[in-house]
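Labels A, B, C, D and E are assigned to the chains in the order they are written; within every chain, residues are numbered from 1.
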Amino acid sequence: MSVLDNLFVKIAALVRTTLTGLGLGDIWVNLAMVILYLAGILGVMMTAALVLVLVERKIAGFIQLRPGPNRVGPWGSLQTVADTIKLLTKEDIIPACADRKVFMLAPVLVLVPTILAFAVIPFGKGMIATDVNIGIFYLIAVSSLATIPFLMAGWSSNNKYSLLGGMRAVAQMVSYEVPMVFSLLGVVMIVGSLQMSAIVEAQSKVWFVLLQPVAFLIYVIAATAECNRAPFDIPEGESELVAGVFTEYTGMKWALFFLAEYANLVLVSAIATTMFLGGWHGPVLPGWFWFFIKTSIMIFFFMWMRWTFPRVRVDHLMHFGWKFLVPLSLANIFITGIGVYLYKTIGW
Amino acid sequence: MITLQHYLILSAILFCIGLFGALSKKNAVAILLSIELMLNAVNINLVAFTKFLTPGELVGQVFAIFVIVVAAAEVALALAIVIAIYRQRNSVAVEDLDWMKW
Amino acid sequence: MGMPLLSIIVLAPILGALIILFIPENEDRIIKWVAALFTGVSLIASIYVYVSYDQAKGGLQFLEDIPWIEKFGINYSLGVDGISLPLVLLTAIVIFTGVFASWGMTKRVKEFFIFLLTLVAGVFGVFVSRDLFFFYLFFEVAVIPMYILIGVWGSTRKEYAAMKLTLYLLVGSAFALIGVIAVYLYTGLGTFDIQALTAFKYDPFFQKFAFFLMMVGFGFLVPMWPLHTWSPDGHVAAPTAVSMLHAGVLMKLGGYGLVRAGIFLFPEGAVFWSPVIGLLCIVNVVYGAMVAMAQKDLKFVIGYSSVSHMGYVLLGIAALNTISINGAVAQMFAHGIMTALFFALVGVIYDKAHTRVIADFGGLAYQMPRVATGFVIAGLASLGLPGLNNFVAEFLIFVGAYKTYPILAILAVSGVVITAVYVLRVVQKVFFGPVNPKWADLTDAKGAQMVPIVVLCGVLILFGFFPSLLIDVINNGVDPFVNTYLKHITVGGGF
Amino acid sequence: MLQQYGAIGLFFIFGIIFGFAALATNWLLRPKKPHQVKLETYECGMETIGETWVQFKINYFLYALVFLVFDVETIFLYPWAVTFQKLGFFAFVEMFIFLAILVVGFWYAWKEGAFEWQ
Amino acid sequence: MNFTLISPEILTTALAFFVLMVSLMIPKEQRRGLSYVTTLGLLGILGNLIYLLGVNDTFLDGMYIVDSFSTYFKILIVISAIFVSMISTEYVDKELPGIMSEYYSLLIFAVLGMMILVSAGDVITLYMALELMTLSFIALVGFGKGLKKSSEAAIKYILLSALSSALLLYGLTLVYGLSKSPLLVKIAKYVANAPTLEPVMILGLVFVLAGFSFKISAVPFHMWAPDVYEGAPTPVTAFLSVASKGAGFAVLLRLFMQAFTNAEAWMPIVVTIATLTILLGNYVAIPQTNIKRLMAYSGIAQAGYILLGLIAYSNSGLEAAMFYAMLYVFSNLGAFAVITVMGKEIQSDEIEDYSGLWKRSPLMAATMLVCLLSLAGIPPLAGFYGKFYLFTAVMEQGYLWLVFVALAMSLVSVYYYLMVAKVMYLHDPKEPSTIPVSLSMKVTMIVTLVITVFLGVYPDPLTNVAVSVVRVFLP
């Protein structure tokens, strides 16, 4: 059992010893290890994205009582592969009046924050690329960078829909960032550390979703909005803005945005798992598998939400964020603070 | 090995670039950005001093946080005013601010 | 201690000003009476002080002492001695008559009297304070009201003249201020008390330096050539009462300051600089008289004659002996009365004729005999006719100066001759000679306008016939000082 | 310590490389047939009228400002959240005063209509 | 921890929030009463401060210094805030409609910033307080939506002030790096024991001086003052000219007399700055036609005079600077009260529009005259005694030439102040109507007038306070 539990850790250790045995310097070994982690994470991410596209369409079909993709391969299982090939060979168009440099750069950058964020996600026991001591803080910092490529894309396209979409994306992401940050604060207050591993460790007895149900709820809502997913997908709301920021994007550039969206979905689910659902803790099965399961459930939940709720109107969206979630998350901090303090002093 | 001097020189260079920008730029927003650069030079200074001279204390880091906060407030206010100005006369170049004798 | 008489003298005008502040604007008559009343109080108090001054005892009397600013050892200390007594009296007389000279005032009466009374309080304060700080303070109090008085109620380039006068006086006072501070810091006594500062032994270099500051500072006021140009402009532009006060009293502040804060404090410095003063004052006398001769405006004639006459005062001061300084102080008094009379009379004429150009007049004596009489008396006083106050003063100055600077004394006497020329010319042209038909219906001075003429003429004659009333008092203040500080010092030579 | 952040730096670099690599692959494979009409700005088939880069609603700016306040506040809240169990009562109350002040600001922004989307 | 020490600051904070919160609960039309709340609240704080005068202690291990010196300047700040609050009531109501609550709460926040500034015991507190003050002021300056020049003034102010803050901060960090502590006490200890003058220290001092020169509008960092003064709403200009300058001077004096005791290093710079400030301020004031610009340049010159107190670098010098800063509050605010009324009633700040003011409103003319003459240093007004005090202190240290320059320039100042007096008193009114003056304005004018005269005639009480404060400050 423990072999299985530590499978990936063992593999990493093995690689490390091998490399050291080859007589490489410390720095080079570390470098190689980081690249290895990176390759692993990228691989998982890519795979997840590819799979999730199909899964999402299947789930959508299931929810809407229709078959979903079913032509390419058995049950449509090769649909994504076909899509990928199509996207790779599509002509790339840069509109004549676009701001070329920014237009190019936006899709390149859109993936970076997500990849950066994965660096501190503990996929299992000891399975964390770099366990910095300000983990959550880092996460928040990096995830807020995600707004910038959207603004860049919207602005540089020189298209009214894009610009409006970009502005909306920024406004929305910025607005929902506040409750998200505050909801995570509740967890930090209980743990007393910003380190991801410490947070997971603290949940060995009880998951924080039980201690911080309100925070969890806020987080899920805010995270949906952060990913620009329905019902909060007004930046690309096709019924009003054609495709929002993506209107002018074609081919691989568009694919990168698409990829980033699914990578983000994985990310927020993974964070939710780590922060509220006990991370990789779980009985019997190996830790990383538990993590996989929990994340999958979260992803399913997000998809479920997407295909269930209608799109929120832009003003309702902002009102909801500022006038409901922010006060609620503030109240949550107050209550958590008092609760923790009482627990510590009186010893309840 | 990176020593205190390296940080100080970096910060001095950053400060000078910021100062030059603040004095030579025409656009109000560009001036603000240059000033932010100067403040960041200050932050580097602070953190480096604390790290090398009084390790264990966090005075410089705390100071740096305060500086960041103040810089944010300053920029928020400045941008609000810049917007007001832009609405009045469609320009944010400082040489266009000539309703009064300079 | 009894009644704080000196405080009464100083504060009565201020009280009057405050009361006028609360009188409605259109009650001209009441305002004027209130002004007359409070200046009258000052006058009566001054006369009382003058009369009851104990000459046998000498020195400073009627002392008042209230600690004022602890930090600098500044005290509100008042007192009068032989030098200040006549000047206090002079001020009281001139302002009292000045109020009556402005009886005809109709424009912004309320403010006029407020400023006038403030001004006069400052002047009184200078003469009675024993503390160098207050001495300076009171002097500056007088300046700004002057600006507004001339600027609003004046004539002939009034704004220019007012600004020029103010700035000149302030420049002068700035020099004096530096001198005052320097003395304070140098002695390190922590006091501004003039007596204490007089007793201090200064080293010669400092004396020369400080006396120079005082000389320039008060030289602006006297006015010493070439710092005099503000004074004729100012005289001419000012309204009657202000001209009277200005020429009659304010210029004396300079002479008084030079004696009090100059010679008394820095005798050695005075000795060092006295040739310079002597030379410059001769320029004053002769140049002033010459320019007066060339003037076409009646007030300018008197203005430049003042410059010339103040030259005598400076000469007396420069000579640095008992007699000459006695003369200088006496001349201040005499010239004050005389010139106030002049301005009062010119004021009357201007009131009626609305011009002051000498050439326009002629034979006014027929229409206005009283004015003519006054003018002749003043004129005669001006050229130093025996029997009038000025003669005594000028005589003393010449005698004193001759001891020290014989050549300068003789040159100065020539000034008297020139004075005679222009005074008689004016009297002849304006009051006698062919009658200008244009002025046939002019009326003579009467009522309130007579008050200054009568009082001032009376004073001139009184002290002319009984000079000892004045000279004894002055001598009482000058002599002890000269005997203590200037006895062993030889002055002069060369001139 | 430095190594941890070095790893993050590598992540950053590779993230960018990944993006460029994807674009490069696309560049190799894709057809290139530019045409004027293709390069026009898409506006549901209509001609584009007027400038795109125009002034937009002040609302966006207001949201940004309020966000800035909260975001900066985070810098203070997180260190406090980590250590407030050790700091004792004073720090506890102090931070609540801080939060209360923030709430007043929030209330003000609300009342003044910063959150009204017009 | 002894919270009574910081009770004024706590009360000020509470007042600011009270004003803000009350305004959120009452409709816009009824917010006028907030000005009275502010005035009364500040009066209460003033009482608290007077009660604290004489207490000498530190708070938070020296980070916050509550001594008579700081309390003195806090009193100064609160007094000016009270007057400004009084003269603002109608102005804000009429010229800046709808921002009553913001205006008053920002006013109190500025007061709070300045109060902390003068008490700052370490450079972090100092910087934070400075920025709290500056940012509040910038918002106040930029408030005039209807006033065309307001936002322009605000952008100039914020750009230059941010630049100067950055300079100041860089200098402070250098000093911090040398002394290894942000506490002023430690810096003082370091400076006292430093064997030689390091170049870094000199660099730091230069930056710090440059930063503060901006705050007190000293040459060559004065350029913002005229524009900001002209563009800002008049009561804000008034507040800016007295309180921010006073607070700036307080902290400057504290830094340079308590911490940077190596006077030989910075004295030449300060002497140069002061001389240039006095010269330029007075000369450039002469051709001004706008009264607010005139006051700006006169304010620059006055800053130069107060710097003389630092140059003297002695007990007397400090006392003189404190005295002058206080009288400057009354004289300047009196003048600005008049300017506010005029700006509101005749919609003009041009000096020529003041013609015949004696007839249209004798009280206003008198207040303006007395206040301007006090600024010029004419006895028996407070300004004269203040200048006398300063000059004595400077001359004591042997700067005779500087006193000559300063005196000559104060004569120049008499000239331009008298030009205003000339227009008011010597010229006839353009239109005969009288100008209405509201009660709070009247009270402000009369109080400033009386105090200006009183301090000139009998300055002893204030002098004694200054002396006793300095005795503790520089034993």
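The definition used in the following text is that a contact is a pair of C-beta atoms (placed from the backbone, for glycine too) under 8 Å apart; a residue touches a chain by one contact, two chains touch by 3 or more.
Quick caveat, the model's predicted, so the values are computed rather than measured.
Student: When you check each chain against chain B and chain D, which touch both of them?
Tutor: A chain counts here if it touches both chain B and chain D, which gives E.
Student: What chains do chain A and chain D have as common neighbours?
Tutor: Chains in contact with chain A as well as chain D: not a single one.
Student: Please name the chain that ends up farthest from chain C once chain centres are defined by their CA atoms averaged.
Tutor: Following the centroid criterion, the farthest chain would be A.
Student: Going by C-alpha centres, which chain would you call the most central?
Tutor: E
Student: When the contacting C-beta pairs are counted for B-E and for C-E, which pair yields the higher total?
Tutor: B-E
Student: Using C-alpha centres only, name the chain that sits farthest from chain E.
Tutor: Greatest centre separation from chain E goes to chain A.
Student: Roughly how far is chain C from chain D, centre to centre by C-alpha average, rounded to an integer in Å?
Tutor: 82
Student: Any idea how many Å lie between the Cα centroids of chain A and chain C?
Tutor: 96
Student: Let me have the rounded angstrom distance from the C-alpha centre of chain B over to the C-alpha centre of chain E, please.
Tutor: 26
Student: Roughly how far is chain C from chain E, centre to centre by C-alpha average, rounded to an integer in Å?
Tutor: Once rounded, the distance between the two centres reads 43 Å.
Student: Which pairs of chains touch one another in this structure?
Tutor: A-D, B-D, B-E, C-E, D-E
Student: Flag every residue of chain E that touches chain C in the complex, lowest number first.
Tutor: Residues 319, 358, 373, 378-380, 384-385, 388, 391-392, 395-396, 400, 403-404, 407-408, 410-411, 414-415, 418, 421-422, 425-426, 458-460, 463-464, 467 of chain E touch chain C in their complex.
Student: Which chain B residues qualify as touching chain D in the complex?
Tutor: Touching chain D from chain B are residues 65, 68-69, 72-73, 76, 79-80, 83, 86-87.
Student: In the complex formed with chain E, which residues of chain D make contact?
Tutor: Interface residues on the chain D side: 101, 104, 107-108, 111.
Student: For a test of understanding, state which residues of chain D touch chain B in their complex under the given definition.
Tutor: It comes out as residues 55, 58, 61, 65, 68-69, 71-72, 75-76.
Student: Quick one: which bits of chain D touch chain A in the complex? Just the residue numbers, please.
Tutor: Answer in residue numbers: 3-8, 10-12, 14-16, 18-20, 22-23, 25-27, 29-34, 36, 38-44, 48, 52-53, 56, 59-60, 63-64, 66-67, 70-71, 74, 77-78, 81-86, 92, 95-96, 99, 102-103, 106, 110, 115, 117.
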